[in-house]
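Structure incoming, see below.
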Amino acid sequence: MASKFYAVVIGAGPGTGRASAIRFSKAYPVALLARSPESYEATVEEINAAGGKAIGINADASNPDSLKAAFETINKEFAGHKLAAAIYNASAGYGVKPFLEVKLEDLDRTIEGNIRGLFNFAQSTLPLLEDAVSSSRFPPTLIVTGATASIKGSARFACFAAGKSGARALAQSIAREYQPKGVHVAHAVVDGVIDIPRTQSYNVNGGAEDGKISADSIAETYWNLHTQHRSGFTWEVDIRPYVEKW
Amino acid sequence: MASKFYAVVIGAGPGTGRASAIRFSKAYPVALLARSPESYEATVEEINAAGGKAIGINADASNPDSLKAAFETINKEFAGHKLAAAIYNASAGYGVKPFLEVKLEDLDRTIEGNIRGLFNFAQSTLPLLEDAVSSSRFPPTLIVTGATASIKGSARFACFAAGKSGARALAQSIAREYQPKGVHVAHAVVDGVIDIPRTQSYNVNGGAEDGKISADSIAETYWNLHTQHRSGFTWEVDIRPYVEKW
Amino acid sequence: MASKFYAVVIGAGPGTGRASAIRFSKAYPVALLARSPESYEATVEEINAAGGKAIGINADASNPDSLKAAFETINKEFAGHKLAAAIYNASAGYGVKPFLEVKLEDLDRTIEGNIRGLFNFAQSTLPLLEDAVSSSRFPPTLIVTGATASIKGSARFACFAAGKSGARALAQSIAREYQPKGVHVAHAVVDGVIDIPRTQSYNVNGGAEDGKISADSIAETYWNLHTQHRSGFTWEVDIRPYVEKW
Amino acid sequence: MASKFYAVVIGAGPGTGRASAIRFSKAYPVALLARSPESYEATVEEINAAGGKAIGINADASNPDSLKAAFETINKEFAGHKLAAAIYNASAGYGVKPFLEVKLEDLDRTIEGNIRGLFNFAQSTLPLLEDAVSSSRFPPTLIVTGATASIKGSARFACFAAGKSGARALAQSIAREYQPKGVHVAHAVVDGVIDIPRTQSYNVNGGAEDGKISADSIAETYWNLHTQHRSGFTWEVDIRPYVEKW
């Protein structure tokens, strides 16, 4: 019997998380993880209503026990399935402030949400992804959502840049260790404002049409990363609106 | 009546050029350009035999007149079509030598094939791509094939690195100017040996299975770049075998 | 009366810390901070014996209270002095391990020593450096010691890369905010093994003479960064042995 | 008898070329090369009047014969001297234009001045620098002047970016080949407007004091690169005004 596979998305709130869950649900059952049900409930319902299969689980990536419990739940719900794709989309600590106004707690929050969270999520998922290498149709994939701050420390973005750059380096190290084992690890530098309810009032790129990034377009790029042949892995893509200044 | 579109590939020999032509021929008639017919003849035949449409034209990217003539031919052959995708895959001057053994002619050849050729090809295609913006299904796209040397000047690769890095900078400048007009400009850092007849005997990555890049996988990544939504353009991807050391 | 100035080095143990303290002591009294007296005692003695002025203080950069106490001591010892140069040379968590063998505590330690420590040290020193802008001979300077891992996530260096890359991004953000105020912020990518007692047995670069980095040469480069004119600040230097592979 | 040494600067006009010649003349006789005497005459006179030794020679870096003749002259004028430092400061083709308005001649000019010129100059000087390795006080040094465009292809800077990025890659390749032989190769990313007569009317950085780069400060940084110990070579520095936006 052919193996069965699933995908997991952490940070499954509106935007990239939601859109990725929907995109990957066309091929796999999907587990949506977030710190509170409001982040994933509607998406879970939407996927199930559309004939896909989704479950939502409360989980905090920065807490290894919370993650462990989440994967136990997944293991029961998707019994006999292997992990085809894991998307790390959690984040924290965005916030533009003069450096001296930032508190150590702000820094800790961004480290929790970006570096420690990815660390825990990668430790939970890499053995599962590796286990799927020999049987999955596409190379099992870990995708990490980054931002402009992943590669640039802009003024007044000290904490966010530290968290995002740290996460990128972590992902890159993992890529170099795990790609030879057949697990594809990719990082996306999302360089622009994503078009979600929360950003609706933001005036970006002079209000140009499509001046904010469609989360669906990010999800499509993630899917395309996932389906790459192992002889041609992409480690990093940048994603930005055609009108973005860079 | 809906507009009709075509794609053009220059440097259409075995490998990325051939594979891209075949991949894009599933959606568009394709013009294959190369300096000699041996480079494109078989591919043109293969595409036409498979029910696609392809033409082959002798052209030298480093010569503006040669390019001009090629586009006149295209204009006749694909009358009424607009340019949806242009792929610059020409190159020259690869060759590993101690710096003092390199001749100025070697440098000139790599500049011809990488920088001047791209310059001419971009000047020929950008107005055509821009003209297609309002009617094409996907944002008109210029894709440039790069290499490791596009971002790294390794020892004994002085010329090739100069040519490839110069071409990358040229493409990036064009991306920043043309993306706001709706033309997608993307650069691929192909970081590995491509699996073609010429490289069959190369022992790379310890002879690992899929240790050379499948040209089809590059072409698939190019197609995915082409079909990106304009709110989420990727400027640069790296492409390398899972076992490649980087 | 002319203002008087001092320098502070944290992570003042053998190697870059010690050498920087000695180099800067030729121009300023210097405070050497480290977690234990063994790290700085000999250097303090050496500087004072040579006619310079140095004090040693126990301090842990990852602990804001510890740092606060240290600067109160400095304030008493160097009463009436302004801060001309601050060098962040603390680190932690170097260690080459397969990713799944790394513990969350390992990650936390590297974050403490690299990101949180720099955060605290920068918050302590930036107001003092800014206060010296109008009176100091050279632009007040914050120099951060980085490593290869600051810009590259090598396999099995996941934690160290996260810490070092996060610290680099933090420093870069601070540079962009503080340079316009006249404070020079610089980051050094030390890409090689430093020649200290602990590394004496390391066989690097085939045992080539000068194949390990002289800490004095790093200190000299730091001094040259410090003395740069404000119209020509360098944000980043790489430092590596002539024989290093990169 | 101790060996005697000299320095050579090409592109010796006002700005970095002139300032470097003056700075290095404090340690070495200096040969100033430029395409026309107006570029170097005053500086040659100034150095000689100040008690240094300087000669000026007409030379075009893009022409190997012209360079060859120049080094023959140097060989006569500085008979018995070895080459301690060579500075490539020639350039060409700066100019901000929409891509379609750029002519192939513009591209060729920037390639001549940046890539081919450096190629020829490096081929002329590397054997001389290598010959000085065993006897010179400081590691013989080749320094290449770059610009923002060396690492960024900004919109409407297509040609300049191609030339500068190509030159940087060339220099990097040479660095990787020649540093193990003891020759220090360094590249400077000069990221700002230099304060010279031609730029006096430019309003940069809001007219801030020291908002343009002092050429003397660049020369000082070059001197500091030259005097680095071989165990701690810097390949690349960026140089920008404290108020520059980056």
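We call the chains A, B, C and D, going by the order they appear; numbering starts again at 1 in every chain.
We adopt the following convention: a contact is a pair of C-beta atoms (placed from the backbone, for glycine too) under 8 Å apart; a residue touches a chain by one contact, two chains touch by 3 or more.
None of these values were measured; they are calculated from a predicted model.
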Quiz prompt | Touching both chain A and chain B (chains) | solution = none
Quiz item: What is the chain whose Cα centre is as far as it gets from that of chain C?
Solution: B
Quiz item: Tell me which of A-B, C-D or A-C has the interface of B-D again, with more than half the contact pairs shared?
Solution: A-C
Practice problem: Would you kindly tell me how far, in whole Å, the mean C-alpha position of chain D lies from that of chain C? | Solution: 31
Practice problem: Would you kindly tell me how far, in whole Å, the mean C-alpha position of chain D lies from that of chain A? | Solution: 46
Self-check item: Whole-Å gap between the CA centroids of chain A and chain C
Solution: 34
Self-check item: Interface hub residues of chain B, defined as touching at least two other chains
Solution: 176
Quiz item: Which word fits the touch map of the chains here: line, ring, star, complete or other?
Solution: ring
Exercise. Please list, in label order, each pair of chains that touches.
Key: A-B, A-C, B-D, C-D
Quiz item: Where on chain C is chain A touching in the complex?
Solution: 64, 98-100, 102, 104, 107-108, 111, 115-116, 119-120, 122-123, 126-127, 149, 152-159, 161-178
Practice problem: Going by the contact rule at the top, pick out the chain A residues touching chain B in the complex. | Solution: 139, 176, 179-180, 182, 184, 192, 195, 210-214, 216-218, 220-221, 224, 228-244, 246
